[in-house]
Amino acid sequence: MPIDSGVRVFVITEQVDETPTIRTVHLDGSMHAQPGQFVMVWVPGKDEFPMSISYPGERFGITYKIVGEGTRHLSIMRPGEKIGVRGPYGKGYSIEGESILVVAGGTGMAALAPMVEQAVASSASVDVVLGARTQSELLFRTRCERAGAAVHITTDDGSDGSKGLATDKAKELLEAGDHDMMYTCGPERMIVGLLELSRTTVVPMQASLERYMKCGIGVCDSCAIDGKHVCVDGPVFSHEVLSKLSDLGRTRLNTSGGRIPID
Amino acid sequence: MTELEVDIAGIRMRNPTMLASGILNETGRSMVDVTKAGAGAVVTKSVGLEPREGHPNPCVVELECGLINAMGLPNPGIDAYLEEVAVAQGSGVPVIGSVFGGSEDEIAEVAKRMASAGVAAVELNLSCPHAEGLGAEIGSTPDMVESICKAVKASVDVPIFAKLTPNTSSIASLASAAEEGGADGIVAINTLRAMAICPELGRPILSNRFGGLSGKAVRAVGVRCVYEIFDAVTIPIIGVGGVTTSNDALEYIMAGATAVQMGTAIWSEGAGVFSDVCDGLGEFMKANGYGSVEEMKGIAHR
Amino acid sequence: MTELEVDIAGIRMRNPTMLASGILNETGRSMVDVTKAGAGAVVTKSVGLEPREGHPNPCVVELECGLINAMGLPNPGIDAYLEEVAVAQGSGVPVIGSVFGGSEDEIAEVAKRMASAGVAAVELNLSCPHAEGLGAEIGSTPDMVESICKAVKASVDVPIFAKLTPNTSSIASLASAAEEGGADGIVAINTLRAMAICPELGRPILSNRFGGLSGKAVRAVGVRCVYEIFDAVTIPIIGVGGVTTSNDALEYIMAGATAVQMGTAIWSEGAGVFSDVCDGLGEFMKANGYGSVEEMKGIAHR
Amino acid sequence: MPIDSGVRVFVITEQVDETPTIRTVHLDGSMHAQPGQFVMVWVPGKDEFPMSISYPGERFGITYKIVGEGTRHLSIMRPGEKIGVRGPYGKGYSIEGESILVVAGGTGMAALAPMVEQAVASSASVDVVLGARTQSELLFRTRCERAGAAVHITTDDGSDGSKGLATDKAKELLEAGDHDMMYTCGPERMIVGLLELSRTTVVPMQASLERYMKCGIGVCDSCAIDGKHVCVDGPVFSHEVLSKLSDLGRTRLNTSGGRIPID
């Protein structure tokens, strides 16, 4: 009989430093999910927040950037300690296309890595544009390479790959190549840029969005974007939906439900 | 007037279903989408005078038969929220503004600003079980309920509905007090005070520990409350709590409700639940020879 | 003492599960069979001074998440019933005698006769939501609860447990009053007042119209009540309401209960639910390093 | 979505007089059930009581003897009026054996008729002993004959068949024949008699019992017999269980749960 609360408790088995600010926590059970789906992670006594499932399946894990109280607390938890998880929630990436372009900024690669692995496994040819501030912050570079993707690096400071934005690299590849689908996850202004690229190059795209989430199950409206709900209708949206979202890259709700501009 | 149309305190609704307060109504656009899915009216999120973050996460627990929530009345404050109300009003269906506050005067003030936006009615949330000093505490005795209703009535022109708590030994007395205070309708019920504990972590799941139970689990309690209230007041009643099927809506209507609200059913069924319930009502009325929802109202009292 | 053993007001139980009052306890033989299925103690049917037929049929409604019942306290009267109690006592596990009455004196008298049969404790049903003047009405205010407990305490030597209603704005005040009155334990909760209506017949299903909701639907309310009571009293608490799995039992225990009762779960799971819950508790304790049930009691308050 | 109350409402299509005191009410829907299972029949505003399903399947019906308020009210209801039904409940007859003896007293035939039909259909040879006070009270005689069973009549007053008790006739047939299973439903003293016969002739039996029922679903204990519950463990019990019931034919509970002798 399943636990009547939706919360599953997992023991932490390992914390892996991926970059100086990003860690993966591996848990002692399995989580079957589509690439792009997320879970609500409960750090007992501290906070609960959404995290993409960066390692679906048997070696369940999530990959988080330490940005505030909740993630900081998670980062100091040791193997043997327990966290609560509910989910998987939302709609993930629908994997299609034979020649795929993946554009990841920041922690976006956490959501995209399982997608890259699955796409390569289904014999698509995969280009990954991986952008970060600096070399040490590049997430899952080796993981993508090992999976068999062609990885293109961009850094803001030029410490690795080409200096500049991931979008510039994406533009170059899209215009040169024969991609039939683009996947992305990252800062919203990057997604807005890629949406424009998608329009001009006529390569359809799927992007995963982030909004402040309270319930994660489509009731509280805090993750609303133009009447859609990132927690249940997303986090992954298709080109068609994205292009109709007037709030995209513009406004989101804060914790009080107030509308604030997106930086 | 089609068979599903209802009139509640002068508000004409194309069907007797409304979106309940607190579910998909932080933004105007979401409310519009719910009306597109079939709701005959929408109630807004409960708003107060000032912005309020609500309780930290976790603020919701998914049970087999419902939800426990402790959102804690997050809201951007009435002034900022009026923008969302304006968007919702674009839907063309009646918008009912839900308000809360820590005192009579505060509630009256929020209600006044809400009414200024041209809402069809104001719903007073006197019943949130998980926000200290702002919900059920404020609405837990007949005296308090009566004087709040009086204060609000004196400050707005639109109909006012008192939303009552079932966490009481007599919801009928609260309803009578609301009627005495001039309320134009009763909304029943808000959530049942509840808790979920995670055994493996040995602690309550909700950050606020206590929350409110909604959904199927509470329907039979809500129907009982509406039945009791119908015997106590003459003003219309709006039934809420666990409505998920047309059969559930009929239970509330036959217990004495003029209309029903739905919240948690959106989680379990999706927003399509509004048109499903309406379709079911229409079919039931045809099969059983009822010409209007009004005809069915309260017939379980015969 | 095995890990599952508990002591409640001096009563030693081999495990913390009990049969709740009103379910399969009209006859001694059925109670014996429930102990064979694993219950650590049994509570009897609530009995009064005189025979009582209870409400006419229909007296039960099956919901997706529980039952609504309006049995109306049928019982053959305490004197006749003592024969069944004697049979139940043959089981070897503690038998707790549940009693009700229309007045303090009547309850005290029934309790006295019940105690004379040598029961381990007497449970006072101050909380039946569907028997006029005999249940929740009698136990709806702290004053009444306190004086009934006093009266019973004066007339029996065995521990007395007050079973309280959740249909109140503060079950913790009722519990404090019971403790004041000398109760040795609190049993929470009885059923939630509820109703089911049959739309096609346009009438309430129960002959008594109102009934009490039990089962999964009420668990989160019961856990909340026990949590609140634990903060209000020092006497032991017995949690009841919707316990169906070991996880449910753990929620009650961590909220503050020393033991749990089960009723409706027998309907949904069969009597095997007692050993299933006990097995689950044992496994949980092993996996999580708890040496006794007592160790887990109330830990969700930390 | 099923109605969340367990109650299904049926419109009465027909009331058929079976004998001067027994009627069948047919309803406008179907009820799939095993022979021997029962339903709780709600006559709105009057009473709710257990009745065997005498016509399972599409032409759902129950066959009732007018004995009190509830059955009298049911009997004056007209086609088009509605009743509530919950169920089917309980455990029915398990149909086995090649040469079967069925012994029915009073309204017992209501529970047994579908069983006879099913047994004949599965090519068993079926003897039916049908007992009643007098000729006009013989229930489902034609129905059994039409099904293909050999019907043996007994009446108390000798107005039809042999004068005397159904048990006497059953004894005769059991001793003469090669029956491998006996089925019965009727007054408890008859069942006690047949149980003794079953012991002496070593022909196993299954009998359907009646007890006062409130809940019908195994919670109220009013139908208890030696810790077994007629509503969920029965109404049909095997020879093995029956022979261990010390209350059989002796005591039952009245509406107050008081123990009274069986007349």
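A few comments on the model shown:
The first chain written gets the first letter, and so on, giving A, B, C and D; residue counts start at 1 in each chain.
Heads up, the rule we're going with is that contacts are C-beta pairs under 8 Å (C-beta built on N, C-alpha and C of every residue); 3 or more make two chains touch, one makes a residue touch a chain.
Everything numeric here is computed off the predicted structure, so don't read it as measured data.
Shared contact partners of chain B and chain D comprise C. With centres taken as mean Cα positions, chain D sits 65 Å from chain A. The distance from the centre of chain C to the centre of chain D, with each centre set as the mean of the Cα atoms, comes to 36 Å.
With centres set at the average Cα position, the gap from chain B to chain C is 33 Å. Counting only residues that touch two or more partner chains, chain C has 61, 63-64, 196, 200, 203, 216, 247.
Touching of two or more other chains is recorded for residues 4 of chain D. Interchain contacts (touch definition given at top) occur between A-B, A-C, B-C, B-D, C-D. Put simply, chain B touches chain A in their complex at residues 22-27, 29-30, 32-33, 45, 51-54, 56-64, 67, 69, 71, 74-77, 80-81, 83, 196, 198, 200-201, 203, 205, 207, 263-264, 266-267.
If you check the complex, the residues on chain D that touch chain B are 1, 3-4. By the touch criterion given at the top, residues 216, 219, 244-245, 247-248 of chain B touch chain D in their complex. Of all residues in chain A, those touching chain B in their complex are 4-7, 9, 40, 42, 44-45, 47-49, 82, 84, 86, 214-222, 224, 226-227, 229, 253-259. Every residue of chain B that touches chain C in the complex is listed here, in rising order: 61, 63-66, 68, 136, 140, 167-169, 192-197, 199-200, 202-204, 209-210, 213, 216-218, 220-221, 223-224, 227, 247, 250-251, 254-255, 284, 288, 296, 299-300, 302.
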